[in-house]
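Letters A, B, C, D and E name the chains as they come in the text, with residue numbers starting at 1 for each one.
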Amino acid sequence: MILTKQNLMPLLRNLTGAERDVFVPTQVDGVSKFALMDKGTVPDFEQVNTTMPPKDLLFPQTQKMYHFDVDANGSYRIHEYDESREQLVFGIRPCDMRSIVCLDEVFLTKGFVDEFYANAREKLTCVCIGCASAAETCFCASMDVDPQLAPNADVMLQDCGDVYNVIAQTPKGEVEVAAWAPFVEEGVVEPVTCEQSLAVSMEGVVDKLEGMYDHPIWDNLSIKCLNCGTCTYLCPTCHCFDISQDMRRKDGVRFRCWDSCMFSEYTMMAGGHNPRPEKLERVRNRFMHKLNFFERRYGMSLCVGCGRCVEKCPVALDITRLIDDVAAIG
Amino acid sequence: MSVVEANKTAQVGVPDSWEPKVIAFCCHWCTYTGADLAGLNRMNYPANVRVLRIPCSGRMNPQYVIEALNKGCDGVLVCGCHPGDCHYVTGNYYARRRMMIFKRLLEYEGLEPERFQVRWISGAEAGKFRDTVMSVVEQVRALGPLNLTREIPQFELPAVPDGQEAFNAVPEEVMPEEVSA
Amino acid sequence: MTAQDTIRARARELLENGEVTTFIGWESGRFENQTTPLVITDASDADKLVCNEYCVNTLAKYARDVVTRGKVGMVVRGCDSRGIVRLINDQVINREDVYLIGVGCAGVRDRKTGELLKKCAECRHGDPVICDEMAGDAAGRPQPSERFKEVHEVELMTQPERSRYFEGVYAKCIRCYACRDVCPCCTCRECFVDQRRENWVGKQNNVAENRFYSLTRVMHIADRCIECGECERACPMGLPLMKLNRKVIKDLNDLFGEFESSMTLDEEPGKLITYDLVDCEEFM
Amino acid sequence: MMKYAYFPGCSAETTGKSFTISTSYVADKIGVELVEIPDWNCCGTSAAALTSPELAVALPARSLAISERELPGLDVVAPCAGCYRSLKASLAYARESQENRDQIKRIINAPYEAKADVLTLLEVFESDDVREAITAKVQRKLRCLKVACYYGCAMVRPADVCECDNVEDPQQMDELMRLIGAEPVSWAFKTECCGAAQQMTVPVQAKPMIERIFQNAAANGADCIVTSCPLCMLNLDMREAEINAARVARGEEPFDIPCYYFTELIGLAMGAEPDEVGIGIHFHPAKTLLLQRELDALELEYAENEARAAEERKKAEMAAKIAAKKAEKAAKAAAAKSTDVAAEAEEVAR
Amino acid sequence: MSRIGVFICYCGSNIAGTVDVEAVAEMARTLPDVVHVETNKYTCSDPGQEGVRNAIISHEIDRVVVAACSPRMHEPTWRKLLADTPVNPYMLEVANIREQCSWVHKDREVATAKAMDLVKMAVAKVARLQPLHSTEIPVHKKALVIGGGIAGMQTALDIADAGFKVTIVERETSLGGKMVMLDKTFPTMDCSACICTPKMSEVGNHPNITVKSYSEVENVSGYIGNFEVTIREKAKYIDYNLCTGCGACETKCPQKVVNDFEQGMSERTAIYKMFPQAVPAKPVIDAAHCRKLAQGKCGVCAKVCPTGAINYEDEDKLTTETYGAVVFATGYKLIDWKPLYPEYGGGAYPDVITGLQFERLVNASGPTEGHILRPSDNSEPKDVVIIKCVGSRDPNKGKAYCSRACCMYSAKHAHQYLDKVPDGRCYVFYMDVRTPGKGYDEFYMNTLHDGAQYIRGRVSKIYQEGGKLICKGEDTLTSQQVTVEADMVVLETAMVPADGIDELAAKFTVGRDADSWLVEAHAKLRPVETNTAGIYLAGTCQGPKDIPDSVCQAGAAASKVIGLLNKDVLQSNPQISHVNEAICQGDGACVGICPYGAIQIVQKTFRENSRKVTRPVAQVNPGLCQGCGACTVTCRAGAMDLLGYTNESIMREVDALCQW
């Protein structure tokens, strides 16, 4: 099936309804992110990648887990929040779809199921749009992602120039596409090939990193790092969080919020000891996690090549250069 | 803030039972004494104010103000000895500078000037304490509740013409009457 | 000889002679016209150093981290040198810990658009305010006339407009603390936001907590801000942070006398830790 | 080449003509370029302030604003002390606050940022460059001329506006006079009011104000008064005859104290003829004194040369005497030695 | 887990009349960590206090909230009570539900709600308090008096008579100060020397007083009870143990020097006593002018000295001693009028003199042996103009303040002149005549009777013409211009603090006002104390005053010192600033803001990330810190905190309050 680009907006308008929230890539007050589609929203499907990753649809920066109070008898009462709304995200990119694969692994497998994530994930329908062109910093192809394919998307829209190939990939996707009937027509078109100027070779990198724990490369890299949280907060796969609570006398709210391995109090223990006290350890941890630890545990890279950190790092600390440098070590 | 939160706008009406909450940071040596004197003289003032005793207005950390406004106070009053009368000689001189800057900063960020006020009230000025509390409470009441955490619609900075025209681009409501007349 | 050649030659000499242990400058990045800070310890790396109109990073803050390794050589422009003055005046480093090679700066450009960066268009001191030697001539760039233009624009808005405007700003903040981490004034051993004290600043990302962080930071750097604009440049969300910093600087200037922070090593104590008996009085 | 925006003021082509002439003569010689502010207007002087305080500020500000626009970067020179005070007061007001600048802008309908300074001519002449240029150009030093430097009141007051270093005893003009060889006297009326503004309205009080100035200058041994204010000049120079008539009637000695602009004397020292710098158009005869002092200077020089010559002669004589004495001593010593030798020889012989 | 006890007072009907005390108690029971709540009719009464004590024991309470009257009323009472219990006296918070609640609100419901909030705040705060402990500070029973003028001497005598040791540091070579320069004192016209010199010798001979003349304070550290003061005794080049003060050296010394004591109107020798009755009555050598010391030639004094007391090798001596109290009696000087008043000739006219010069002129032991002669030509002036308020009450040129003594001494000068020159004429230009004092106005009236002409107005210009000083001024009573042709002009110039007061006061961290007068702790209630505990003020160092006032203040300062020295130990206030050294950056922002100089930056070594690191940190001197907390706000990281009012406890209070 194909969807012409002229039909895209009419389709979107049709999709927004009371029963679910539709998110599209757009500019909100100068920041590009996935935002709720309403009358005034102007979706931007031309931009390759939003500045803010879509991960907070599944894993919000601040997530209130429950609130509690004390009843007349002095016992604690727990109140849960109602998070039952269905969500549709339209226009997510293949790299970000891959990041959801990573997050699924973390939050849903190996016997640990995060119910907040699982709930949101179950209610999320993803319509992925393939990339016809790449941004300067895109290198997903090097990280084993095809810019026109996202197997875990419910619906895949391959960019073919003036039209999209519409492919329903899951039962949820088939239901979704069935409802698009007035806007789509039969046919298949050859997708545009996406050219990426930025490419790195992961050949042997994972294995090499195994023995590089004390390599001077980490010092050279970390010395320029500011230890701000930009890369971790913009990364679609970074998923560390921290649970705390705001108390008001005897009632309070327990919430979790994104944490960043770049921050000095990350992994700080109650007694004041921090196994990663300095920049070097923190930076090493971040890159080892992206390129080695995750690979070992889940068999995939935690970097999806979206290029956000490359673009936004205030000191141009570049993961692709690290990969190249590691590859170059004899 | 999550995408979800940012996009849900909730407007809460002001309930009839609403009463303004004002916190007054008072220095121990002058204003707290003045407030006690107001009590001794059985003066009456609104109960919407709660006094928090600090040793000196120089102890006043701007963070306390932000905290109070963030956590639900509708107005903050900071009081100390008159300049020159500080029990610790110079504390209120530093406070004066810091509070002048901080007040301007809060107003710049859109806080109504009435919500954050600073006054010098001596230990003898029980009447001034009462009057100040009354006027602050009334001003804050007129402004309504301060809900700093409410969600906000998108907003663009209006273009300001440069050069000659900039002078005339003063918003209407701040034009002096004789000029607009 | 270009300034870049001089810097390379001098960095090599300084490292070879052992006069400095490390040298801080910039190197080319992967992309066209991209540069990134570079810290070298080996004289043979000196040829990696570049100095051109795309060196967007202000280097001062690095001196703090690198100084533990020995004397630091570094390239300074106006902003870098004022950052160094700030660090010295805040007792973070000593003057003799750094060897400064000055370069005149006419402003740096965005690598994509080629336009002068906002921070540079607003910069008042392109040339170093302190250095041990100059590589090339001072740029002698004229100062922009209106230091507080942006602030003035915001001031012209109505109160509800300003309120909405800044709520919008804080709604966007992701609290990555890049603004703090690039700032040469932010040198606390432990920032107040990193202190796990109850009721100090909360971890939730919402407008209220973000405002608490931002206002506190503004008040903390108030009379020390060197106006380098790095916070604004580093902000991944593009927040107008200098509008806040300059507001305070403007008010300090208007109320307590003209000043610019971090111009000399013997500068007067900050405006907020001093007072004048005849300061204007508005709290009577 | 030093360049300034020039605010001539109303006296420049009228009562203060010789000031203008001599100023341009000197400026030309020492390389100071004065560019007249286009479309300048009355400075408002004391009359504007009486009408409205806003007018007093706005009138000069208009000229200054034009200068700022048309002659950017140039400081403004106002030779007339009255103009200087008005301009400077307006400048000081504008520099006080943005509010004041906005107010001025509203009134004169043009932006005024108060960037340029306002200077008196004396301030221009204060720079080292100008001093060097004057020293280089001086052809005849005005020796023997004892001058009472008279600054008048408008250039120094109000003190906080005019930023004068010494309101009672300024030195700028005195130093210039020393530079051209004249001898400034120490006197007490340097910045006293000459009463010019009151001469028409309350002559009874105002006349003695003039007389006292002459009186103190004379008492301190001055030959003449040197000024930098066209109004003072007019008042003193024009009314000296009137004052003298009154004195004669009271049986007192009349004064003979001519008045000059300091630029006239500098011009003169640079070799100008008196008429070239406007000295010919004064009320009180002003050339005779100069001629007399020139003669005195020549005589003095002659006497000094004589004295120097005599000194040299004396020195030479002295040197000759010393040489002679030395020779004598040497001769004696030699003689003694020879006698010693002789004695020794004798001894040996014995 | 803390165990908080809340005690709520009815205060008879004072609180209970408006606040439902039992409802407040009911609410308090629900608050976290509160283990016991009790109400009482009068908590401050003996049975009330007994109840608190018993409850603390039986409920194992470790923190106490008292909801009652203002803490300004009974906080000390509660602290004292707790001192006898296991609870630390500083684990206490008072909720002011009387003065700031029941007495100012009428509506019972509203007042009760507010009282509840105040209790909530107090509970929130008290939960965050830490136990604090006073330390005992020993008191060194010895006082230092800086300045040996009349105020310093009087203070020293009073303290010494009470049995304490006193050291006087005098910068000049003799005691006496300004008073000994004066001829007569108003209004009684006693001879100043006759009443001042006996005091000087009494001080010099007092067994409890050590006079360090020709000495200055070099360095100070410490705090109340324990000021460690280093004094520099300048080289006198004379061994005072040998010198008998015979004066032979002075008569033979060939070097003449301008005599400052005679206000520059005569000469003295390079080896000199300040004046004949000086105490100590022994000379010093003025090293700058002595031919032997400056050029190496001469040595006459050593030759004539019968006891061999001259020692050209003498050097400055530094001694350090500890004092329990310090009194500033540093006095005043006259303002240097010359640069300020060019219209009075700026010093160009020798016959324009100051009041102090006039004192010497009229003094029988002065340069003219008491004959009033003008300095320029030694002729007797027939027309004398006296100008008051030169530099005083003149913010444009001099000082804004009134110098207080000038009205009286100018009347004295007019009187003395007319007395000595019966055919002379004396004109006094004045702004006001201020004569509040016993016998003062009568004295002024007598001067008018003597024939002094008082003209109300200032002199605008003085210039010299033909040997006369022409004074032009305005008589503001008739609005006439006045010109007086005078032979001599006396300027009654303003008093300003003595030279070097800024540096000296800074060493002791004593506050100064804009004119550098030392600032008393409270203008009305603590007029002789300073804000630095243990340092007191006497005489004109605090502001212009005349001799009786100076002596009064000296006595007051002495009584404060005696009170302090009578104690063996002092209790320190434990509610002071505290540094968290782990996060202190040592940038010193807190140092300058402390009005007491209590904070110092010191280098300390720490173990951090298994490395030894030496870095600067702030250190608070508990003897100096008064607990204002100004430093805490300058500390961005919050390393500096105020015990008893910590950031955390205040934030807790704010939060508790925001929940209402």
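Simple rule for what comes next: a residue touches a chain if its C-beta (ideal position, glycine included) is under 8 Å from a C-beta of that chain, and two chains touch if they have at least 3 such contacts.
Owing to the predicted nature of the structure, the values given are computational and were not obtained by experimental measurement.
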Between B-C and D-E, the pair joined by more C-beta contacts: B-C
Central chain (by mean CA position): C
Centre-to-centre distance between chain C and chain A (centres being mean Cα positions), rounded to whole Å: 32
Interchain centroid distance [CA atoms averaged], chain B/chain D, Å: 60
Centre distance in Å when chain C and chain E are each reduced to the mean of their C-alpha atoms: 44
Shared interface positions of chain A, touching two or more other chains: 28-29, 61-62
Chain C residues counted as touching two or more neighbouring chains: 168, 171, 190, 198-199, 205-206, 272-274, 277
Per-residue multi-chain contacts in chain B, two or more chains: 1, 5-6, 63, 67, 90, 94, 98, 154-155
Complex contacts: residues of chain E adjacent to chain B: 70-73, 96, 98-101, 103-107, 110-111, 113-114, 117-118, 121, 511, 519, 531, 575, 593, 595, 626-630, 632-633, 642, 645, 647, 650-651, 653-655, 657-660
Chain C residues within the chain A interface of the complex: 29-31, 34-39, 57, 61-62, 65-66, 168, 171-172, 174-178, 180-182, 190, 194, 196, 198, 202-206, 230, 233-234, 236-238
Contact footprint of chain B on chain C as seen in their complex: 151, 153-168, 171, 199, 205-209, 211-212, 215-216, 218-219, 222, 244, 247-248, 251-252, 255-256, 271-277, 279-284
Chain E partner contacts - residues on chain B that touch it in the complex: 21, 23, 28, 32-33, 35-36, 38-40, 42-45, 47, 50-56, 58-61, 63-64, 67-68, 71-73, 87-91, 94, 98, 130
In the complex with chain D, residue positions of chain E that touch it: 342-343, 345-346, 348, 461, 463-466
